[in-house]
Structures are given as C-alpha cells and as structure tokens.
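Note that chain A is present in both complexes that follow, paired respectively with chain B and with chain C.
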Partner chain A sequence: MNLDLNFGMPETEIDNTYDVIIIGGGPGGASAAIYTARADLRTLVIDKGLTAGALGITSKISNYPGVPGPISGAELVEIMREQARSFGAKFLTDKVVGVEIGEEMKTVIAGTGTYFAKALVLATGSMGRTSTVPGEEEFLGRGVSYCATCDGAFFRDQDVVVVGNNDEALEEALFLTKFASNIDLVVPTPDLKASAMLAEEALAHPKIKVRLGTRLKEIKGNGMVEGVHVHPRGGDLEHIPVRGAFVYLQGGKPITEYLMEQLETTEAGCLLVDDTMQTTVPGVFAIGDLICTHIKQAVVAASDGVIAAVAIDKYINGRKAARQDWN
Partner chain B sequence: MALLKEQDQEQLRQEFTALSHPVKLVVFTQEFECQYCRETRQIAEEVTELSDQITLEVYDLMADKEIAEQYNVDKIPATIVMAGGEEPLDYGIRYFGIPSGYEFSSLIHDILMVGDGDPGLAAETEAWLADLTEPVHFQVFVTPTCPYCPQAVLLAHKMAMASDLVTADMVEATEFPQLSMKYSVMGVPRTVINESTHIEGAVPEPMLLDKMKEAVA
Partner chain C sequence: MAAAEKTAKEKKKKDRVIVFSTPTCSYCNMAKQYFRRNKIRFKDVDVSKDPAAARDLVRRTGQMGVPVIDINGKVIVGFNKPEINRLLDIKES
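Moving on to the complex of A and B:
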C-alpha cells in the first residue's frame, strides 16, 4: 500500500469568500455570473466541466438568439463564460459535495475546499438519474460505488465495470486503471458524450474495454457484488463477472443531492422559487432546469440567470429598485 | 523537509488566529515506527508550530502503554484533538491512520472547532445528546482521496465534542485492512455506530441523528 501523501491546503490561488457563488456553469449559471460580476459582486462559479451539462453535450445549436451557429453547446457555454470572466467572475472546475445554508453565510463544500458567500445560485440542471437498477441500492458500499477516487483502492487487482458515457465516467474509468485489472466501460448510448481527448485516451487504454450501446440491467451478488447483467443493443443479455460497479448514469431529474434536503422541492424533485428565482430560503436562488416550470432551453436558463442576478444585487446591496443597466 | 508548503503554513497561521481556546494534539506512534507514523508525527509537529494556542504530546504505543490505555488508543498512528491549557479535556475525537489528503482539512477543521469551543450542532441534536444515557462509538471509514469523507468525519467529531458519552474515530481504511474487512468496508465514507448500525455516505445531521437513535434503541 502506498498512499499519496498530500498535506496541501486546498486551492490557495482562489479566495474562499465571495458575494455570490454559482453552482453550475451552464447557460443559466454563466449568464447570472455575467450580471453579478458586472454589478461588481465578487462572483465564483463552480462547475464540473464544460461538457458536464445538457448544453455542453449538445453538438449543434442554431437557435440561440444572436448566435446564428451552428455552434456546439460547449463552444456556446465557453463564449458565455469568457464574457463573465471579462467582468471579473472566477470559474473553478470542481464538484460540489455539499452546502450549508446559514442565515448570513452560505457554505459550499467542494473537492478543493470550502467556500463562503452571501448569496447562492443553484444552476446544476436536470441530468440526475430518475431510477436505479435492481441490486444497485442493495449493494451500495458492497461493490456499488459512485466515487472511484474514494473507493478505487478496495478493488486492487479485481475486475470492475464503469457505467456511463460522460466525462465523469471516463475520468473515473481512467483513474481505476491504477487499481483494477480489467475495466468494462458500459456505455448506454451508441457513442460517448465526452470530450474527444478523454474518449481517445479511454478507447486506447489496454485495461479498458468499451461496450457501446449497452444498458446496465441488474447488479447481481451475494452479500457483495459478483457481476452485472448488461444488454447490448440488438444482442442478448450478458453476464459480466465483476467485484465492483461504478455507476455514472444520467437522466432527466433535477440534480439536488448536494443540498441534502435543506430546500423545499416538488414531488418531481424540482426546486420551488418565487418570481425573482429565490427559493424558500432568502439569498438562495435556483434557475434553469432545476425549476421545472418552463421550457428546457438554454436561452430560458440564461434569462432565469439574469432575473436571479438582479434580485441578488438587491438582496446584497439592499437596493429598493433594480438598477437599470441598458446604456 | 517540511511536509507543509510555505504558503499553506501562512494560510494556516492566519486561520489559527481565530483560536480562542488552547488546543492539544496527542499523537501515538512507535519507536520502530509504523508505515505512516513518522509522517503523522511530523505533520502534527508542523501544525503545532503555527500557533501558540496549539500544543503537542507524542507517546509511544508500547513504551507509554498506560497512557495509551488511558486514552483508549489501541492502534497507530493515532491523533487526538482535545482542549488544551490548564483544564485539558478529551472529547473523544480520534484519527486512526494518517490525516492526509482530504483528511488533512478535517484535522484543521477539528482544531478550529475545539479552539472555538462550540461544535455548532442543531438545537435538536444538542438536546438529544444531552439526554443520552449510554455510550455511542462512531467509526468513520475513509480514504485520503475521498472528497465526501471529511463531512462524515467532522459530523461524527462534532457529536463527540458535544457529548461526553460519544467517541468518534476516523479510520483510514487502507491502513487498517483487518478492520475494513471486519466491518465489510468496500466503499467510503462508511460510518459504523456501536458495532450494530452503519450508514453509507456523507449524510445530513438529522439523518445521522436518526441512526444514532436506532443504534441505542
């Protein structure tokens, strides 16, 4: 056993305290950042990666007003982020693992450290999973894992599957090559929805076998995971004997796990907001696909972001009326 | 060579200016040191250097057997974060295994919490802990590369600080494979409560409270 000995304090180049922290850097989050940063509010956007969200994995956009396209979703998001950066917004690539919603200060716990802000914008989209496969809950912590960096060490010299098609699934599969003997990458879609660089690396890795167009049907075991049943498109159900199953599937449910039930949601898991995008907790706003009351389009999320940003300016600066900003 | 980078030392010095109460670190190691005993002792020494409010005592698990028993330490490396000064108080906060990677931030949080004198739990949790009549022992299994683990460790440590009857161990799973095997740990964080109950993942305070109720029921 050799541990990486690391006593670094997390992320020292980036400050810990902001006026606004925006979780999610898609069209909603980035648009909010353009407006809060331009209003001189210290703004941090925490995002898992350019191709982590619904827009980031869209290949062709031709209906975003002002951008005739066709342009890839990732390119469009990057243009918005660059615009926000030009006004001073900071972007951090990281995964948020929890938030603590206090009255004055809101705390955001991410992999690189803990960050504080007066106001919070939740813009994590709705690519969360709607259901689990049989065996998944039963074997959680018994071979089923959602975090390869956490649990990879328990699967040294063993065979595992990684299920998913996005950047996260590929990164985790590549991380697992340090420990596992063989990795079957079970991809539900006919192709990968990840950045070209990661896809190439995964496809070329001798320990990784990529199974495109294959669905995870069930996780089998006896006390511990012993294998998975998968169904390749147009083929027969297949059993893969493994000790570990790392699952990174996505769906159409709002991503709210990191909130740990601190905010009110509808039965469908959508956050409740007022007409300024504020949730039931003052200073906490939710925008875009997290509030499933309207059309799931980038420009709608962007609009939500702007509404929230104007309300945040009022919330923080105690303004009675919104500042006009059109000259 | 120092384990802590200079800029981190500076950042920590700043953060430790918030310590209003003295904090004592107690480290158990061995003459022929275990795999990460040397680094665990060294990191405690370097952290202690950064504030006048922090003191350190280092003991040998074998040579100082009686002290180890008194602190209920049976494996090494072990680190205890407790109230220092003229009225030292052991809350039951333990680290078994090296507090490196993400767990280094847990150690710093614990020092700040003990130095602040307030675990900051919800009123409902405090009230339940105040009425507790039997011991609760947490073992939170972690790996240093697990970003979710510090939340689970810190919550258990807060409970330990809030109640004399609660003790809470961080256990670095890869350094204690026999314990990981005993408690069937194949994923972290996994919190074992009083041998009988366990919970997967970093859970919110009300959910851990429910599990504690279940464990002592």
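Moving on to the complex of A and C:
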C-alpha cells in the first residue's frame, strides 16, 4: 500500500511551496518581504538581478529617507534585501516566465523551477522595452532572440552579439560562450551596470568582446540574421557580421508579460489595484511602478510593499482586521 | 454523450505533439508542464543535444528558437496557449 502523505504533491513541490512569492526584488518587493517574513509568512522573492531594476541601475541616490547617501541604487537595494533575509525571507535570482493565478494556490514558473504560493506580490517595475530597432521584429526567431538559455544551441560555432548592460545581459553572454565562437557585447552605456563579479568574468572571457558606449541601430539579414549595425559613441556606424542577436535592452514600460494576460492592464500597460494593493484576483497584489498611479520613487514602492504585506497577512490568516507591525 | 466522450478520448490518443526544446529553456518547461497538467502526451526533442534535429527544425520551420511545438503537423512558435488550446481542444476552467 502506498501511503501518499504528500497529499498528491510530489516531494519537490513541498519544498517549493510558500505562503507568499514576491516577483521582483527592488524596493517594493524587498520591503514587502521584510514585513511578510516578520509576520512569519514563508516568503520567497524571485528577482532577475540586482541591476535589473530602476533603483538597481541608479548610480547615486541621496533622497531616500533615512539614508543620506550618496549611495548607489544597487547598494541600497542590497541593504533592503539583506534586511529581508535577516527575518527569514528567501531570495532567488531567476527570471519568472509565467504565472497561473486562477486557482487558490498560485503557480510561478521560473527558469530554475516551479513554485507555489497562497499569495503573490507583483513588483516587477517598469523597465520594459517600449520600442524595437529596425529588423528586430522581422528577424525574431530567425536570429533575434531574447533568451540565450533557450536558443543558444542554435548558434553553435557562430558569431553573435549580445546587446545590454546589466546582470541579465552578462549572464546570458557568458551562457552563450558554451556554444558561440565569438560574442560581441554591445553596451549602450559608457559603463556596464552589472555586479562587479559578473563584469570581471565577462571582460576576462576570451570569447567576449565588450564594446562600451555602443548602440544597436539595425539588424540586417536575408531571411535570417546576417549582421547588425552599431554606432559607437563618437565614432562611425559599424557593421558586425553575426548570425544571432540577443537583445536585453530596457525601457519604461510596466513588465507584465509573465502574467500572460490573466490580469487586465490599462492602455499604458499598468495594473489596477484597490487601496490594499490587491488586484481583481484575490491573493494577487501589485505594487510600485507596475501600478503607475503615483510618483515613481523607491520610497513610494517600499510603502506599497508594506501595504500589500499587511493585506496578505490578513488574507492568509483570515484576520478580520489588519495587524500592525509597530517595530 | 458517451459517444462524444469516446470520440474526444480517441482524438486525444491520436494527437501527435512534439515539443522542440532545450533543457535551460524556461518557456519550454512551461509548455511541457502545461501538457502534463492537461494529460497530453508529447515527445520532447532536445535540440541542444541533437544538432541534426536543430538543423532540421530550422529547415522545416525557419525558427532558430525554442519552444517550437508541432501539433499534428501544425507548427506553433513559442508557448502560444490560445492556439494550443484550439488545436488540442483544451478547455481551461
């Protein structure tokens, strides 16, 4: 007789089950995590990387209340994350590609695995791209990709470009070294905006050529990608013959693709919430730049995170009134 | 009703689903999980281990990316849930 004491869930699913999963570990997500962890809710924060978000890429911040600075945005986010960790919140560096919010138990699908939670906090911010370069849409899937870990195998022994400046771009470029012959890392900013360790690894890799201060202008090809035009700052337009272009650029749009249209957005792509930060789906909350209704500042996102956390505590524990965490 | 159910079951048995994927592709994993959850049998072709399969995929579909899902010969690029649901007659609750 097989006694299924896991109630039908495979063993790995028990370890991957939380009270709350927070998608996005910037000031909103980290702040929510501090409060949910302190409320003894098993908390997981899934975040793409320290430099993926608006605060993470800010070089100097001096106006965060209580932190005179100047301090780098990445340092400030790390302080918040460390604080959340100290109360028991778990942080996972990964990208969420999909969620399922129709059931009472929500599902979060990330690169490293699938996770489950009673409540979700969507804190993915608004660094999503708003426009593409000529040729990008035409050659999507025909040499243009947004996922090296998905598509790298198609570019075995080929030359490729990776466009971007943050942790994600560097990680993907390093992944591509397993397959590609040469990787031109086209960095639109004068410096890399990534963690020092990753930057060092990428700069030292013999297959990676880093081109700082260089913008992607066009992707060219004939049926498939054959090259890219790039413009180095202060220089002339250059053509790089490549078979693949992996693009990790950012913009100012709310990041909601992983929701797969399960939540309505405004015309500008923003999510709608009530005054407890809950969306139209019970147990799903959205905070920070994702909701676009107020000033886009780190301290405002942090405040949203607290409101959501308190509401989640009430939601999960069936409280009649919100419980205050005074200190 | 019983006859309609029987036909639906027979159709499910006959549906041929192939997922072209790579092990580190999270969108591929999402698609495979979706098939498993809906009890759809599929064949998983890992194009990172099989360069011939990768070349064949590019030749047949023009796609240098995964996931590509072949449902009874119809090619779907990416995890296109509405199209998958339509072709496999999946009704989500």
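FYI, the second predicted complex is superposed on the first by the 311 of 327 C-alpha atoms of A that agree within 3 Å, B and C clash if a C-alpha of one lies under 4 Å from a C-alpha of the other, contacts with A are read in each partner's own complex, and residues count from 1 in each chain.
One rule holds in what follows: a residue touches a chain if its C-beta (ideal position, glycine included) is under 8 Å from a C-beta of that chain, and two chains touch if they have at least 3 such contacts.
All figures in this text were calculated on a predicted structure; none of them were measured in a lab.
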When the two structures are overlaid on chain A, which partner does A:Gly141 contact: first (chain B), second (chain C), both, or neither? both
In the superposed arrangement, does A:Thr149 touch chain B (first), chain C (second), both or neither? both
Applying the document's definition of touch, where does A:Ile109 land relative to chain B and chain C: first, second, both, or neither? both
In the superposed model, does chain B or chain C contact more residues of chain A? B
Who does A:Val299 touch here: chain B (first), chain C (second), both, or neither? neither
In the superposed arrangement, what residues of chain A touch both chain B and chain C? 95, 97-98, 109-111, 114, 141-143, 145, 147, 149-154, 224, 244, 260
Of all residues in chain A, which touch chain B in the complex? 1, 3-10, 12, 95, 97-98, 109-111, 113-114, 140-145, 147, 149-154, 224, 244, 260-262
Chain A-touching residues of chain C, taken from the complex the two chains share: 22, 24-30, 33, 47-48, 51, 54, 58, 62-67, 77, 79, 81, 92-93
Going by the contact rule set out above, which residues of chain A touch chain C in the complex? 95, 97-98, 102, 109-111, 114, 141-143, 145, 147, 149-156, 175, 223-224, 244, 260
Which of the residues in chain B end up touching chain A in this complex? 3-5, 7-8, 11-12, 35-36, 39, 43, 98, 100-102, 104-105, 108, 143-151, 173-175, 180, 184-190, 200, 202-204
